[in-house]
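Across the two complexes that follow, chain A remains constant while its partner is chain B and subsequently chain C.
What follows is the complex of A and B.
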């Protein structure tokens, strides 16, 4: 019996995980979840930005990470575009960044913000860390034209923005290496920095939050759901939390089953 | 109409990728190649747009002839495909490595060494701080190979460091599980909501 448990067909686990996702999505139960302090810190900082502040938002994720990070960016943008009066500069060091920026702007359409006055899409700059350093030093040299092909000097939003030193905060949505922004934006210019990242890199980035180099951090889909609740705009991430809880229960159940069967058959394997 | 075609293509692609969970099959393999091809094509277009805005435009509009320097360096990279001239590609690589290293080092010392060390110099007045300081110290000592592990104090400390790292790996694994499940939820949501209109 215990040996059989160790050899469960992995496809049975896949089917159970699939059911654990589909059933709560079709019939939501609204399992409550707590708000992490790191997400709360991101919300509090954004919510307290004075009118007229200028922030940069880096959209640096790829399609593979989008299910976790796209809802985070959407939740933050909904908060910024519908509840705040701040100027927003969109940047990207990922080739897929402009595509997701356009998609986000389409998804949050209906606000009264004006392109070029309240927000601007500066587009993609190759070079990864050198690109961050370049636009941090001089937006005009790094992005001579915006995503629409217009000279950025012609847009009112850029009138008082020359370099990263003119930013009041920066938020980066990425699945690669946020430490690049710690080095080139927060460290070099003292700009308050927060990140929205995929779950697997959260533990390696927590030291930056503990040291104060990042004022906050959003952890994957859960971080997005937390932000949606904080900004009182529950959406797709909040709706996914039941499914996330159920899949975790499946994983925990199989970890327990695996351990029981392993310890139960250990004596047989050791020949005792 | 285009949106509908796009949704159907994305749905078929998603099902093709998911079919790998059952077993490898031609349907999966075809879409794997399509995905890589689309990615490469998209990156090429983005690269060309960048050349237009950062090279062609400054040359044509601003008469900024210094932009020719990175152009020449960039073209030299391709000399590695020319027999006998491959050595020329080492010059742009040297520039890339030099700039990259210089840029990273500048930030690394301040942001990732000094600031992180400062962050562990905290008063031991609550349990979080005590765990943070002792955990960091023990983990660093685990990698201190000069002292012999036969030293009792070092042995105990490095063992604590090992357990602290195992806890950290456990946290990373937990987050990895959450991340992978989130991806699956994202695709299933797409299939149910955007494709089948069930949600």
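What follows is the complex of A and C.
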């Protein structure tokens, strides 16, 4: 019996994981969840931004990370575009960033914000950390034209913005290396920085949160769901929380089965 | 004089310029440093183009020689040229470009990542066994963090999120800080080696 438990066909595991994802999505239970302090800090900071503040938003994720990070960005933009009166600069150091920015702006359409006055899409800048350092020093040199091809000096939103020193905050949505922004934006200019990242890199970024170099952090799909609840706009991330719960439980159940079978058959193995 | 000497000298000058601009603001090197960093951006843009040329060379050769699964290379090159041509001629906001991004690239990328959940479940079952004290600590910590992150963990015991946060905030942060400080010191050492010409891997051809 225990030997059988140790050799469960992986196809059975795959089917159970699939069912743990599909069933809660089709028939959600709505398991309640609390708000993590790091997400609360992001919401509180954005919510308390005074009218007329200028923030930069880095959209730096790839399609692979989009299921976790895109809902975070959408929840934050919904909050900013519908409840706040701040100026927003979109930047990207990922090749796919501009496409996701366009997609996000399409998805949140219906607001009264004006392009060029309330927000601007500066587009993609190659060079990763060098690119961050370059636009932090001088937006005009790094992004002479915006994503639509217009001279950025012609847009009213850029009138009082020359470098990162003129920003009131920066939010970065990424699945790679947010510490680059700590070094080039927060550390160099003292700009309050928060990130939205996928769950797998949360552990490597917690030191920046605990040291205050990041004022907040959104943790994967759970972070997106928490932000949706905080901004009173529950959407796809909130609806996915039951699927997250059940897949976690399936993984834990198989870890327990694996351990029981391993310990149960250990004496047999040692006797061989 | 070796052909690499001018590049090494240039690397040293650029490195010193960037460092001096940060640590010695009184020298008014901001404009020069900014200009050099914008060159870096331009070089990175050319590197992207070079990567595309390299892809065409490698996969074009696979197709010509009819290597195994050469049709995957053909498909890759088709979409590479499709995105380049449509993007340059019609722009990245053109419907055909957006369609390919939103309905081909994004779902494929997400699918690749989502498959991890199946592999992780299978791998955790086989490999995540409490064979030693260290493995047991890792196992228990991971289980608590998972239960703290999933709403169902909170439904089972309300303290799971707080316990998960404690693991992330205290032991994890302590270990990560050590790793990060070590890596930063290593990066400084590597930077100095590159600047003074000891490390020449970036020139290609190894350390000759």
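Assorted remarks:
We adopt the following convention: the second predicted complex is superposed on the first by the 271 of 272 C-alpha atoms of A that agree within 3 Å, B and C clash if a C-alpha of one lies under 4 Å from a C-alpha of the other, contacts with A are read in each partner's own complex, and residues count from 1 in each chain.
The rule we apply is simple: a contact is a pair of C-beta atoms (placed from the backbone, for glycine too) under 8 Å apart; a residue touches a chain by one contact, two chains touch by 3 or more.
The shown structure was predicted, so the numbers you read here are calculated from the model rather than taken from an experiment.
In the superposed model, A:137 lies in contact with chain C only, and not with chain B.
Of the two partner chains, both chain B and chain C are touched by A:203. In the superposed model, A:265 makes contact with neither chain B nor chain C. In the superposed model, A:53 lies in contact with neither chain B nor chain C. After overlaying the two complexes on the shared chain, residue contacts for A:249 are found with chain C alone; chain B is out of touch.
Shared-chain residue A:125: touches chain B and chain C both. With both structures placed on the common chain, the touch criterion links A:103 to chain C but leaves chain B unconnected.
In the superposition on chain A, no contact is made by A:40 with either chain B or chain C. By the document's definition of touching, both partners, chain B and chain C, reach A:64. Residue overlap on chain A between the chain B contacts of one complex and the chain C contacts of the other covers 14, 17-18, 21, 64, 66-67, 95-96, 98-99, 125-126, 130, 133, 179, 188, 199, 202-204, 207, 210, 219, 222, 244, 247-248, 251.
By the touch criterion given at the top, residues 8, 10, 13-14, 16-18, 21, 31-34, 36-37, 62-67, 95-96, 98-99, 102-103, 125-128, 130-131, 133-134, 137-138, 141-142, 179, 188, 199, 202-204, 206-207, 210, 219, 222, 241-242, 244-252, 254-255, 257-259, 262-263 of chain A touch chain C in their complex.
Contact residues of chain A toward chain B in the complex are 11, 14, 17-18, 21-22, 25-26, 64, 66-68, 95-96, 98-99, 123-126, 129-130, 133, 143-145, 179, 182-184, 186-188, 198-200, 202-204, 207, 210-213, 219-222, 236, 239-240, 243-244, 247-248, 251. The part of chain C that touches chain A in the complex is made up of residues 22, 30, 33-34, 37-38, 40-41, 43-45, 47-48, 92-93, 98, 101-102, 105-110, 112-114, 117-118, 120-122, 124-126, 128-131, 139, 143, 146-147, 149-155, 161, 165, 168-169, 172-173, 176-177, 180. Per the touch definition, chain B reaches chain A in the complex via residues 21-22, 42-43, 46-47, 49-50, 53-54, 57-58, 62, 99-100, 103-104, 106-108, 110-112, 115-116, 118-119, 132, 168, 171-172, 175-179, 181-189, 192, 198-199.
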